[in-house]
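In what comes next, subunit A is part of two complexes: it sits with subunit B in the first one and with subunit C in the second one.
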Partner chain A sequence: MSLFQLELRLMFRERAVLALLALFVLSLGYGIANGLELAERQRKEADALIIESSQFNKQVRDALERQALDPRQAMGSGHLALLPPPGFAVLSGGQADLLPSHERIILWRTEDPSEGKIGLANPTQLLTGRFDLAFVLIWLFPLFLLALIYDLCAGDRESGTLRLALSRGIGAWKLLGVRVLARGTPMTALALGAVLFAALLGGEGLSLPVWIATGVVLAYGLFWCAVALLSNCFTRTAAAAATVAGAAWVIFVMVIPTLLNVVVESAHPMPSRAELVAKLREASGDAERRSNELINTFYKDHPELAPPGMQADMLQRRLAVQEEIGRAMDPIYKEFDTELADQQQVVERWRFASPAIAAYEALSDLAGTGYWRHRAFRDQVAAFKDAVFEFYSPKFHKRQPLVKADIPMLPSFAFREEESAAVQGRTLSAMAGILALALLCLAPCALRLSRGASGKLVS
Partner chain B sequence: MILTIALKELRDTWRDGRFRIGGTLLVVLLIVSGVLAWQQNERTRAERDAATELDRRNWLEQGEKNSHSAGHYGLYAFKPTAPLAAFDRGVEPYVGSSVFLEAHRRNATSFLPAQDATNMRRFGELTASLSLQILVPLLIVLLAFGALAAERERGTLRQLLSLGVDPVQLVVGKFLGIALALALLLVPLIAVGAWLLSGTGEAGDPNLTRRILFLIGAYGLYLGTFLAIAVAVSARCRTGRGALALLLGLWAFNCVLAPRLATDLVEQWVPTPQLAEFDAAIAADLKKGIDGHDSRDVHLQKFTQETLAKHGKQNVMELPFNFNGLVMLESEKFSSEVYGHHYARMWDQLEAQDRATTLTGALAPMLALRTASMALSGTDLSQHRHFADASERHRMEFMRVLNEDLMKNARPGDHGYRVGRTLWEQLPPFVLAPREWDAVWTSVAAALGILGAWFAGSFLWLYMSARRMRLEVA
Partner chain C sequence: MLEAKQLQKRFQDKTALDKLNLKVEPGEIYALLGPNGAGKTTTINLFLGFLTPDGGEALVDGISVAADPVAARRKIAYIPEQVALYPRFSGVENLEYFSRLGGGRHSRAELHALLERAGLKSDAAERMVGTYSKGMRQKVGIALALATGAKALLLDEPTSGLDPAASHEFSRLLRQLAGEKVAILMATHDLFRAREDATRVGILLKGRIASEYHRDEFQSRDLEKLYLERLGA
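Showing the complex of A and B:
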């Protein structure tokens, strides 16, 4: 029987190990079930919005086939800009419960601040976060894994059996290496299986992002195995090894990420939303007061859009006012976007300070619930607002109705996914970085366990 | 004897490398988190003060217009920052801090600070409360797991007991020794923090000192419970290794697993209302009352007939007041009742979820502590409801003043009616009165009760564990 098989057999004899594995399976199952439920809810909401929007658009098109229409009628409750639910949402809820996934664009309200309507949610639940698969993989998986592998040799050293084992010609490096692999394999296999199972259940199939996700989880598991090995090489007792492993978990999963959050928010503080609101009202009050002047200037600059007799109605004034507000507010909105982008850049730069950050960012990215996909959505919505404005604005100013020939030009939103190469680049580099961190932990172990130095392990 | 044991344990703990390293890290984290949270609180307070002033100026300088048009122009209410948010930010990043008050509509608070943040928020925020809830218990585990188990492994426990040392005194001495070491570390920080915080908002909240004292009490119960459990586990386990594994498991369950599991299960038991259904229910009920802007509305036509009959007139132009103003008043009264009803149901549902989560504190004390901490810091859901309800009352008063002006002062059929700054000044700025202590106590009582039960239960278990040690000698 090989050493690997022996270690496996010994491990499965312990009831505590079986209990831990069972608890981990339950956690994974619950995380997957929760993720599936969230994905299903997102899909239903998106379907309802798409059905409502397509029915309205069809009515508009049918009406235009028969007669000309007032553009206001075509606007309805707004043109829908929808971020489609991601295919692999079951992996990680990410920011999906916090960021709006649709917006309705109405010509005369394009400068209203987006209220970020995200559905009703209990703020205490938002604060706590969801029990999704990413939570199990990033927070619980290392805890469970360390509980299985924290004592690779320290206990044997205390009882004297380590000296006996090494005296039989087994190298220290081989003994500990095989042990960590044997004890770490079942739990890591469960974690990897859960990712694949979730992908199959969630409808993503065994696509490339799924394989990258399993790679990230594998690298993350290897890092924690390396931490356990390191703590065993440099401590004398099992209790000390457990203390070091536990402290490493707290530092990497709790302290460094929260500290990084403090650093990014201090280095790039967001402007005040309260002041934004007040400034917006100041700008809109000022523009309202000058609406006559604004519309006259507008028609002077755009004589081709001037209505007959140059007499503007309420809506035309509103559009001119809105453009003025946009001019005043754009730099402030841009400041929000820039600060958030800068914060994300800092996170990207420092994500390898903790493999938990790198792995969580990668899983959210692969799930389509991270920063970059939502950023792409926001940018595309901004462009869509401009398209809506450019299509309707001349018609309103010239008081032209919509006609049959306008049907193909009616603005509609279709989200363009980010280039898959970009996502793969970010997530593969995360995986490589986590593996490098694991190797970094293994280097001092290799020195400690080298043939000449293995005596130190026993003493 | 207890004092001798406690002093020896204190000396040993103080010399212990785990205490020195862990304690130093903890103190640094507490100071850093406290200073940063303080700065952030001050910045937020200054921003909101500036925004409130700017919005008030916008309101006063909006120029002359019809009083109902001013209702549509609206104003903003900004949520004041709680002084103790520097200690525990609670749900503040996940609720809006401003609400737009306008005619006909009750708006929800907007702009969640968490929406302006990266994914890192999901790892939690570095606050003094988080350090005390999660990191101090971990330090307790690391200090206490070997208190008795290690003595047992070394064989010194049997020696001590055979010398006639009372196990209860031994256990209490060990408990006090570690507690004193922790107190030396934490009490100066807590004292300075409490002194600084109590000076920030006493004028705004007369209960601030009481809130701080109860916070200290709640955290004392929680940490005392953790220490008692840790020493009791150490007294019962044969090896230090076994005690450490068990205590780390308990810590992980309490601090990592339980919060998410509890809130998720509560969501299954008491589901959050769906926004689409919530909006649809309000829209359906609003249709049952007067629509102030739709002359074809059947309820408006009925109301017109009733008003004319009451005053014995044939035409609204003959009424001794502006009929449109009366319609706006009635419409606002009706819609605010509809909004009030639906919002109250929604808040009740969300508060029921939080109460259920607090009750799960019977299984994991951190859940009870978190509720108590947020409620006493004024950063929980109920405090947010207090702000939302107060701002709605302000909206109703604001609309009443404007619509009554329209009704009393605009001549019937005068569409060119204008008012100015004199009327705008009649409306006082929005001021949020501090929440009554009784209301705070309602939010916090169950949580404190659970923490008290944990504290009593853990000491009883500690006592029983000590008694059990007598049998070892026998």
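Showing the complex of A and C:
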């Protein structure tokens, strides 16, 4: 029997180990179930929206084949801009529960701030969020792992077993290396297995992002193994090793992400919800009062769009009002986007202050629920809004009906996914960063356990 | 086999070993006597490479312990005062584990045979070590020395706390190992066992060998008296 197997056998003699593993499996299972539920809900919502939208579009096209149509009828309840549910959503809910995954573009309707933007927050806040697989992997996996590996040699030092073990002619590095590998393997294998299982259950299959996600989880596990090694190299008792490992968990998983959140919120505060609503009301009221003036100014600026006799109807006034509200609100929305982008930039810059942040960001990114995919969606929605406006506005103002020839020009939204190389670049760099942090922890261990210095471990 | 050359060790301002010279040949049982704090355990630790000497060197089979502690330890078996084993492993599992640490591979039958040779019956060998007496643990330690075919054996207070029968049994095993040309260095307070088993006795005082006696010298005289005289008691 190899030393690895003997270490495994030794570990499993402790009954609590099986209980811990069972508890971890339950946590993973619950996380996967939650992720599946979220993914299913997203898929159903998206399917319902797609069916509704395509049915309506078909009705419009069929009607246009037969006769001209009032553009208001063609717009119906709004043109749908939909962010397709990500294939690997089961891994991480990410920002999916905070950001809208669809938007209906209606030119005459005032945008409702409760639909999206003001609900946004920086990604680290999500560390305290949903109990999904990413939560289990980022928060609980290190705890379960440390429960098995926090005492690699400190307890043996106390009991004297370490003296006997090292007197056998094995290097301290090898002994601790095999031990951490054996003790860390079951928990890590479960975590990796859960990622693969979730990918298969969620329909993502064993794609490249799934393998990168397992790489990130493995790197994260290795970091905690390095922390355990470090604490065992420099503490004299099992209790002290446990304290150091526990403190490391609190610092890296709770304190640093929370501090980063505070820093990010302070440095780049979001416009407040109350302020946003008040501003919107003020802008709406002002625009409504000035609707006559606004439409007249608009027609002076765009005489080509003026209806016969310059007599604007209700819809044309509404468009002018909406345009004015949009102008008034634009700086606030821009400020929002800028602050969010700045927040994300700070998080990106400081993500390696804690491997928990780096790993969470990477997993959300791979799941398709992270900042960048939503950002791409919002940018594309903004462009789509412009296209809708460009198409409909002249027709509304000139009271032109839609005709059969307009069918190919009817605006429709199709989300363009970000280049996979960009996602891979971000996530692989996160993985490399986490591994670098692990190596940073191992460097003092290497000095401590260097040839000839291993006696320090027992003395 | 075991050799200390001008071995020095200081702990802050206290000199633990002061240019100690010592040589234990194959087949010899060298009893290192001395009061608490004389440097006995420090000597053992220097041979094990658990301490780094401040001067001189410890050699095991010609290998400098400080230069290559792992290689030196491969030639040594070590039995401390309390043989600390894993209580959730049986005797045979502990033997397999610790033997594997030194690179040894033995079948279950071979492990049982080694434990039997060390005086531990098969049924006892299969019991969890948590139920073992100190004597039984010492036997696992001896079996470990047998398993690795160690050329040198370092013992730190091996008979302390053993009942007379276990102590006698332990001595028998030591003499058996010495008969197999194993060099044995035993740090002990047990003058009776030293007189019975040792081929040479060294009295360590303030980090130096104050006196050394061959078996015929201390067999013909009272070892306790010699020891106390040397201590100036």
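FYI, the second predicted complex is superposed on the first by the 442 of 459 C-alpha atoms of A that agree within 3 Å, B and C clash if a C-alpha of one lies under 4 Å from a C-alpha of the other, contacts with A are read in each partner's own complex, and residues count from 1 in each chain.
Operating definition for what follows: a contact is a pair of C-beta atoms (placed from the backbone, for glycine too) under 8 Å apart; a residue touches a chain by one contact, two chains touch by 3 or more.
Remember, predicted model here, so these are calculated numbers, not experimental data.
When the shared chain is aligned, subunit B comes close enough to touch A:360, but subunit C does not. Shared-chain residue A:175: touches subunit C; no touch with subunit B. When the shared chain is aligned, no partner comes close enough to touch A:349: not subunit B, not subunit C. When both complexes are overlaid on chain A, the residue A:285 reaches subunit B alone and has no touch with subunit C. By the document's definition of touching, neither partner reaches A:398: not subunit B, not subunit C.
Once chain A of one complex is fitted onto chain A of the other, the partner contacts of A:139 are limited to subunit B, with no touch recorded for subunit C. When both complexes are overlaid on chain A, the residue A:166 reaches subunit C alone and has no touch with subunit B.
In the overlay built on the shared chain, the residue A:260 is in contact with subunit B alone; subunit C does not reach it. On the subunit B side of its complex with subunit A, the touching residues are 18, 22, 29, 32-33, 36, 43-44, 47-48, 50-52, 54-55, 58, 61-63, 73, 76, 78, 90-91, 93-95, 97-98, 100, 108, 110-126, 130, 134-135, 138, 142, 145-146, 240-241, 244-245, 248-249, 252, 256-257, 259-261, 263-264, 267, 272-276, 278, 346, 350, 353-354, 357, 380-381, 384. For subunit C in complex with subunit A, the residues that touch the partner chain are 45, 48-52, 66-78, 80, 82-86, 88-89, 93, 96-103, 141, 144, 148, 154.
Those residues of subunit A that touch subunit C in the shared complex are 1-3, 6, 9-10, 13-14, 156, 159-161, 163-171, 175, 451-455, 458-459.
Taken in their complex, subunit A has these residues touching subunit B: 27, 30, 34, 45, 48, 94-95, 98-99, 113, 115-131, 135, 139-140, 143, 147, 151, 155, 237-239, 242-243, 246-247, 250, 253-255, 257-262, 264-266, 269-270, 272-279, 281-282, 285, 289, 336, 339-340, 343-344, 347, 356-357, 360-361, 364, 370-371.
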